[in-house]
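What follows is a pair of complexes built around chain A, which joins chain B in one and chain C in the other.
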Partner chain A sequence: MTEFVLECTGVSKKYGKKEVLKNINLQLERGKIIGLLGPNGSGKTTLIKIINGLLTADEGDIKVSGEQIGIESKKIISYLPDRTYLADWMKVKDIVGMFDDFYKDFSREKAEDMLKRLNINEDDRLKTLSKGNKEKVQLILVMSRQAQLYLLDEPIGGVDPAARDYILNTIITNYNPDASVVISTHLISDVEKVLDEAIFINNGEIVLHESVDDIREKYSTSVDGYFREVFKC
Partner chain B sequence: MLSKLLKYEFKATSRVFLPAYAVLLIAGAIQKIMLQFGFYNKDMGVFSKILGSIVPSLLGAAVVAIFVVTLVVMINRFRKSLLGREGYLMFTLPVNTSQLILSKAIAVLAWAILSCIIGLITVVILVYDTDFVNFVNDAIGLVGEASRQAGASNVVLFFIETVLTFIFGIVNLTFMIYLCLSIGQLSNKHRGLCAIGAFVGINFVLRNIILAIISNVLFTDKFVPPFYLCGYDTESIVGILQMMNAFMLAGLVIVIIELLIYFFITKYILSNKLNLE
Partner chain C sequence: MAWTFKDDRPIYSQLVEQIKIKIISGEWELGSRLSSVRELAEQAGVNPNTMQRALAELERDGLVHSKRTSGRFVTEDENMIKNVREAVAAENIAAFMESMKRLGFTESEIMDEFKKAVSQQTV
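Coming up: the complex of A and B.
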């Protein structure tokens, strides 16, 4: 097993003339929960999509557990997009079955257990679920995998505070020393308590990558406070 | 993995096709019963008049609907399930791009063939009577006669080529639509418009190039002489059949080359230039 779960070297991406990622260099260790923090339009989602293979970088190299982006990397990444990607006509149990079919590391019992905990009926059609419940189903699917890299893009944006706590708890209790979790968000105060490391990204550049403890010590403020200072409008 | 993708593709598409087939077959059966008992001819007042106009138009609508549905599914399953938000799931599954494209294409081909079979069954239900049986017998006799005169192998080859042209024709159209949609998704703002533009472009440009190749390169005296120089005896059934077989084969080869080109460009775009909304 490689030392780093994710290595990005010189990753750049342009949309037309607009540079959205500029020479990103990043190494993520295993066993960490990492916040990918930045204002809207800073390049968070673009970076995550590139690591997933949903976009191709113009330049640079990415390795996930030593694997180039491809089928092998997709087997070990568990990705929660910033939108619902579920087909409306499916029932909850259909999509659970689909994950079970395609991902070897998926635990059906774990998913069923979490669905029960959040009072989501497996026989319900996804069409009939509220937006928040759809997001919960997606998060349950993603967290029921035993992946090496979890990429969660805005995982708590659309759910109520009670569910937020449950979700963050799920993330922590799913802790595995071989895996790392990247949470992209701008709701920093909510996730701060679970983070080990923080990455600040702005205008397509990484401006900071430090452990949360170091940030608190060095700047004698919370990550949220320091974020507000760095990205002051 | 392709079999798993196909399983979900058939699950997703059967929701649309099975009810459509049911409507078609039921409407066909009702119409048949009406005709059988001379219902439309009996004087039953307004009621029979209403039914007499509703059932046939329902049947006609169902036939048209099946083919429209097939085309719509061909377009929409690719557009929505791969290039729409469901694409976020499909493109992060541990499968390769070829498998994703093929699963969509194989499913739609199977439905297109099934649609034709169901359509045929409906027609047979409707027109089945002694005249129809005689007609079929005559047709079989005609084929037998043709086999005797033109050689069974030529007739068999003709049927095989006809079926293959039909099948690969559908695949060709499917892959062309996939390519157009893939080109369309490269645009950030005008996906639909770009896809339509690509469709027009591919058809005009490609058809003209192929026509030019056929008329200027292939079918000159040097490579393939025109049929009147090929030595086919256009006076005899054998000669005409052989000529038709040769032409169909050439057409089939072109159709297959085209669809391979469509497929590989689509695969390239989706692997390297994916641009999900």
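Coming up: the complex of A and C.
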């Protein structure tokens, strides 16, 4: 296994004239939970989509576990988008079945166990679930895969605090020293205790990439507090 | 006892403190086996790497030790625990004295206030 689960070198992306990512250089070690933190429009989602192959970079090189972006890299990435993409009419068990068919590394048992423990009925159609439950279902599906890189785009936005705790707890308990989890979020103070490292991104550039402990020690403030200083409006 | 964390200090050092308290208070008994890193991380709501770092530090301090395949255990050295307990007590007392002095009390006044409070508590 390669040392880094993700390596980005000189990655840039433009939408027309607008530079959305400027010379991104990033190396993510395995076994880490990393926060990708930045204001709206800073380039977080674009970066995530480029890594999982939904968008193409204009410049630069990306390696996921040593692989170029393609079929092999997509196999080892588990992506949770910020907007639900699952067909609303499907039943929970249909989607579990779909993931099982699609992904070799999917554990049906794990998913079913987590769903049962949340009292989510397999026969319910997604559209009948509450927003919180829908988010939990999506997260469960994504975390039931044995991937090397998990990309979670705003996994806890729009849900109540108890659901947030559950989601973060699921992320902790799925910890695997060979894999890394990238959490892109605005809710920094909620997520902070769970993060190893924080990346601050602004206007398409990486402004900081440090361990949470170092940030707290150096600046005597939480990551949330430091973020507010750095990104003061 | 719930785990509580402050914002401005690294989490691992707060974990070290809180686990120390669990050990010296007897909440985690002498020689008892610790839950796995993952379970402890889950209970505390923190990153497993952070919990691991805290436990490694406690091992270096000798409060906790690992047996290769059986996991981690609280030390059986009662003397060491006694010493750590007294050290933590000294820190708490120093902090208390500091806060009282900031209110303007002298040391003998602090003793009087303290005795008053204690005698009122015990019925």
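Just so we're on the same page, the second predicted complex is superposed on the first by the 233 of 233 C-alpha atoms of A that agree within 3 Å, B and C clash if a C-alpha of one lies under 4 Å from a C-alpha of the other, contacts with A are read in each partner's own complex, and residues count from 1 in each chain.
Criterion: a contact is a pair of C-beta atoms (placed from the backbone, for glycine too) under 8 Å apart; a residue touches a chain by one contact, two chains touch by 3 or more.
Bear in mind that the values here come from a model prediction, so they are computed numbers and not experimental data.
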{"item": "Which of chain B and chain C A:89 touches, first, second, both or neither", "value": "first"}
{"item": "Touched partner set for A:118, first chain B, second chain C, both or neither", "value": "neither"}
{"item": "First, second, both or neither for A:81, with chain B first and chain C second", "value": "first"}
{"item": "Partner chain(s) touched by A:196 [first = chain B, second = chain C, both, neither]", "value": "second"}
{"item": "Chain B versus chain C as contact partner of A:172, first or second or both or neither", "value": "second"}
{"item": "Which of chain B and chain C A:15 touches, first, second, both or neither", "value": "first"}
{"item": "Partner chain(s) touched by A:163 [first = chain B, second = chain C, both, neither]", "value": "neither"}
{"item": "Where chain A meets both chain C and chain B, residue numbers", "value": "none"}
{"item": "Chain C-touching residues of chain A, taken from the complex the two chains share", "value": "31-33, 165, 168-169, 172-173, 175, 189, 193-196, 212-214, 216-217, 220-222, 224-225"}
{"item": "Chain C residues within the chain A interface of the complex", "value": "5, 7-12, 38, 41-42, 44-50, 53"}
{"item": "Chain A residues touching chain B - in the complex, by the definition given at the top", "value": "15-16, 49, 52-56, 70-72, 74-75, 77, 79, 81, 83-87, 89, 94, 98, 101-103"}
{"item": "Footprint of chain A on chain B - complex, ascending", "value": "1, 4, 7-8, 11-12, 15, 81, 85-89, 91-96, 188, 272-276"}
